[in-house]
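Shared between the two complexes below is subunit A, which has subunit B as its partner in the first and subunit C in the second.
After this line comes the complex of A and B, so read on.
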């Protein structure tokens, strides 16, 4: 399996974050084409033709959404550089290594949406990403890309960096960041309808995750057909997979959609697993965990997953983020960690996280510490199942508790003996409370 | 733009207003869906999820939506009372119930608790229950207690403090399982604090004194208007079996008070002031005839020359009209009692406490202006007394204690007052009606005409209206007939009638006595029925 870079193209160059390096390699060519050579409508056509889909995990057609939004008065573009899903570091790496690609993508999107302002929401605790992005913005502004009329369109776009406290509820979605920009609590707002645009200070805004924007510059400079040539028919292009955990070389690997399985990514790109024996792959966007051979038959192709492609592989492909664990880790420990994290990171406004994950985490903790006495296992499983369907059932605003419950459920299903052993009276409780064992050093591929 | 459109609910066609929320539409058609975080006077976060219903799309696929924050569009197909939807709502309530300390038997809010009603009607029959979270009981103010164990984190109080009162003395803090209502060090000390008791759906914010009140289901209520200031909030007075007014709570009136009222009006109505008269003074040997004897004496004195009448802004339009007519008959001079001043307060949510501490100052001015009558001011009256132009003065319709006029007994020959206030200086006293005992209309500061209804009987058994009718030498009649006469006389009142005013009040969704304006509105639509099991 080979890497095929589009989003992360040029990431290996020394000083890839510098404006002159980026410019020398064709950078800002896409933005210039969008602002000078073609009009906003043609930009939307081009993106629609390329079939680009949102990389945040929803996989909605970017061009189609833009076309729908074109009639509305979109005031600003909000860029989500706050990924808080466990195991995912794609947007952060993009901001740290290729900040100008992100800025260029944001310029193109803002132009297509006729928005005059871009809010870059970046996690305040990512110091490096913030400083690199801040520096890149200053460079781009000095070079005249930001804040001044560009090309024949004469459209000027202003940028504003908005550090937000992280981590956020992982699935807060489009309606969370406007709340934070308004200095409100980190809570996603309930939207009136799936396609309703979020509002910021009363005006409609469009929210995109950083990676989605990162695909745009090359689509504009090389044309939609070049992008379309990669990947599948419904899901063209590439996907950047974050791999971490017990692999020899954890990192971010961009491959062509449909060119292999997650097992191939682990073997060929991430250097294989740390220890021999059966590995466990956790899909951080809410799919049942896979063990052993099953990882090699799980394709890196959204079309093959039940969400978004409606394929046979159960669960949500999301952004293709996996965490690998070897046999030294008890799935029930991971499950307990995951639930506790979910309960802490959820915003707590709807009962899903507040009463669901928090209660379940407490029950698992109790199970680990004291065995089955005092834990009503059928009730626990019933509540877990309820939580796993809570977003679809409308019982939570975002998918945050659902993802946590799906992952927990998957982990408990993969090792049902964990739960039953805990459940047997007289069996020593599992006491592995130490941190996860990880690779000695982390080799990010840049 | 709103338009009437057709929608389908559970297979039946209904008319609905496009753009209106699904919840309002359902309630309008009498379909019960619980809504715990939603309050029509606040923003709608849709966090409690207890109002979920199914919407069917063009492909006949069903999607779950929260009724509170989704709006009606033409051709919408809703499934509300099917088993799936009911089960989802039951699950949502089960989750909320998990943290709720179920001490209903000793809870102040029991019997008028939205959460209790919701769970009884839509919740799970059985629920594994485990209490976690805080269980503190904090005194936030003299009439406000926060019982953390009952809180279901709906956030209504925090939104109220943010959007309506602007004080932020209650706010949501923490995340995930640790989210909680946090109280400012000062407690809650603003003038709208009583509304928090009304809007808390789970009995977490309660009035400690409500434990001494008779049970909710033994009370009935009367719709009236608060006479505490010129704002004239729509309120309802809850009355116990003995005819005692036990609490005042706001009704919804979008043009006047929205959904709220201030604590001054709510808690300090002074209707039970200890100095209130039951019989005229000086006392008459026969209590049966005391009232008539006193009126006859009063009329005789006022028919003498140099009489004056000091009109009060506490009189209803009807009473003021009759008194003016009587005064003109006697040839008495008219003076206007400048309304007592209060501290004006405006809140970010648009609610206002008026600077004028009397309910009908605007109405009285309007009545005088429309009748082309020049009435002197308080200063004119003092001047007239000093110049010996006033021999006897009728002072009438005092409000709560404190409305005492600056007149010295020595300056005039004879003062007749018919109220408790300033009473000790008068030669003849006739018991008056409090605004909770009046029947008539008030014109508030923003020129809104509203009906006041008697919530209780006067101690003397006679009302101001009867007194004014007697003074004007008229036969006994009702306030409605006097109002009809006013409507005939004055063009600015054209088109009004008591029936119309009552109908207007009813279209403002606003019963039995329970909860705040929102619960009241649910009860009016028979969506929430609090019944006395004993009856």
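After this line comes the complex of A and C, so read on.
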């Protein structure tokens, strides 16, 4: 397996974040084509032809969504640079190493949507990423790429970096960030309809994940056919896989969709696992955790997963993020911590987050501590299942409780006997507090 | 310090042109609340009641709206000098609790806190102090960092 870079093209160049380096390597060529050589409708055609899908985990067709939004007077583009998924470090890396690719992608999207403003919503605590992005915007503005009429279209797009807290609820929907810009509570809103756009100060806005935008410069400059030639028929292109945990060379690896399994990524690109025993792979977007050989047969291909591709691999492919743990790790503690964090992030509008996840997290924490009487295991498992289906059953307005429950269930299913074992009297607490470990090397260091 | 004096100090910290630019970037001034909070925090300003009141006045909202916006930022309640050890999934697997224990022993419990996932997981375990991320931590690098972060003993 080899890396195939579209999104991360040029990431290892010295001073990759500098405008002159980006320009010398063809940067802003895609934006110039979009603004000067073709019109906005042709940009949408090109992206639709490429078959680009959203990289945030939803995998919706970008071009189709743009076409639907084109008549809705989109005022601004809101860009999500927050990595709401634990274990993922792709968008942060993009902002720190290739800020001009992100800016150029946002310019192209704003032009296609006829939006005059772009808000780059970035985690406030990523000080370096904020600073690099702010500097890149100043460079792009001084060079005339943003804030002034561009090319024959004469379309001018203004940019603003907007710091937001994080992480935000996983799969919290497109309304979270506009809410944060308005300084309303950071919570999802019930949508007016499936295709209704979120609003910001009363005007329609379009929300995109940073990585989705990062593909646009190359699609516009290299052409839709070159992108379409990679990957599968329904899911073309590449995916940037974040690999961390107990591997020898953790990092961000961009590969062609469908070119191998997650195990191949671990072995061929991440240097293999650190221990010989059966490793555990935790997927951070709603898929069951996998152990041992199953990791080597799990394809890096959304088409093969039940979500989004309707394939035989159970669970959600998400955005291709895995955390690897060796045999010494107790899944029950991972599950307890995961559910506790998810419960704290829930906004509490729906019963699942208001009552379900907090209660479940408390019970699981008690089980983790061990030797406690009075934990009703059948009731625990039944309520966890209710949480897992809350979105499908129409009991929640976003996917946050569902993702939290599915990941917890997946981890508990790895060692189902642990739950009943931990409920027995006199059992020791289950802990993963181990010694410090450091990887042999890091691929694309922060 | 009087309210006009506080306002003058904060305006000078941000800079008049930057302040105007931030306020003009939003259709309604309340959009500028978070950018102003972070601009001030980056300059080492504690977001206390006086600062909150000034931001509320500048953005034409009540102080309650600003306080609501701040409630999402756990890092704002921390001391500017505190060391935030990442407790994300990967960092925990890579020994975040050992990082915390070692630093607490060297620098005192009050100085060290934990943070949510910093999404720099390939560099786990990580910590952040004074806005700088430190990754790939091991015992030697932690000891060296602890030496650098030791506060000078106060003179009685």
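Keep this in mind: the second predicted complex is superposed on the first by the 421 of 446 C-alpha atoms of A that agree within 3 Å, B and C clash if a C-alpha of one lies under 4 Å from a C-alpha of the other, contacts with A are read in each partner's own complex, and residues count from 1 in each chain.
The working rule: a contact is a pair of C-beta atoms (placed from the backbone, for glycine too) under 8 Å apart; a residue touches a chain by one contact, two chains touch by 3 or more.
Every value quoted in this text rests on a predicted model; they were computed, and no experiment measured them.
Applying the stated contact rule after C-alpha superposition, one finds that A:185 touches each of subunit B and subunit C.
Touch criterion met: A:356 reaches subunit B, while subunit C stays clear of it. Applying the stated contact rule after C-alpha superposition, one finds that A:79 touches neither subunit B nor subunit C.
In the superposition on chain A, contact of A:337 is made with subunit C only, not with subunit B. In the overlay built on the shared chain, the residue A:393 is in contact with subunit B alone; subunit C does not reach it.
When the shared chain is aligned, subunit C comes close enough to touch A:124, but subunit B does not.
Looking at the shared chain after the overlay, A:160 reaches subunit C, while subunit B stays out of its contact range. Comparing subunit C and subunit B on the residues of subunit A they touch gives the larger count to C. In the superposition on chain A, the residues of subunit A touched by subunit B in one structure and by subunit C in the other are 185-186.
Against subunit A, the residues of subunit C that register as touching in their complex are 25-28, 30-31, 33-35, 37-38, 41-42, 61, 65-66, 68-69, 72-75, 88-90, 92-95, 97-99, 115-126, 128, 131-133, 135-139, 142.
For subunit A in complex with subunit B, the residues that touch the partner chain are 185-187, 189-190, 192-193, 342-359, 361-362, 376, 379, 386, 392-397.
Residues 83, 86-89, 91-92, 123-128, 130, 158, 160-167, 180-183, 185-186, 200-201, 203, 242-246, 250-252, 282, 284, 323, 325, 329, 334, 337-338, 341, 432-439, 442-446 of subunit A touch subunit C in their complex.
Subunit B contributes residues 44-49, 52, 64-66, 69-71, 88, 91-92, 95-96, 98-99, 128, 130, 132, 153, 155, 172, 174-179 to its touches with subunit A in the complex.
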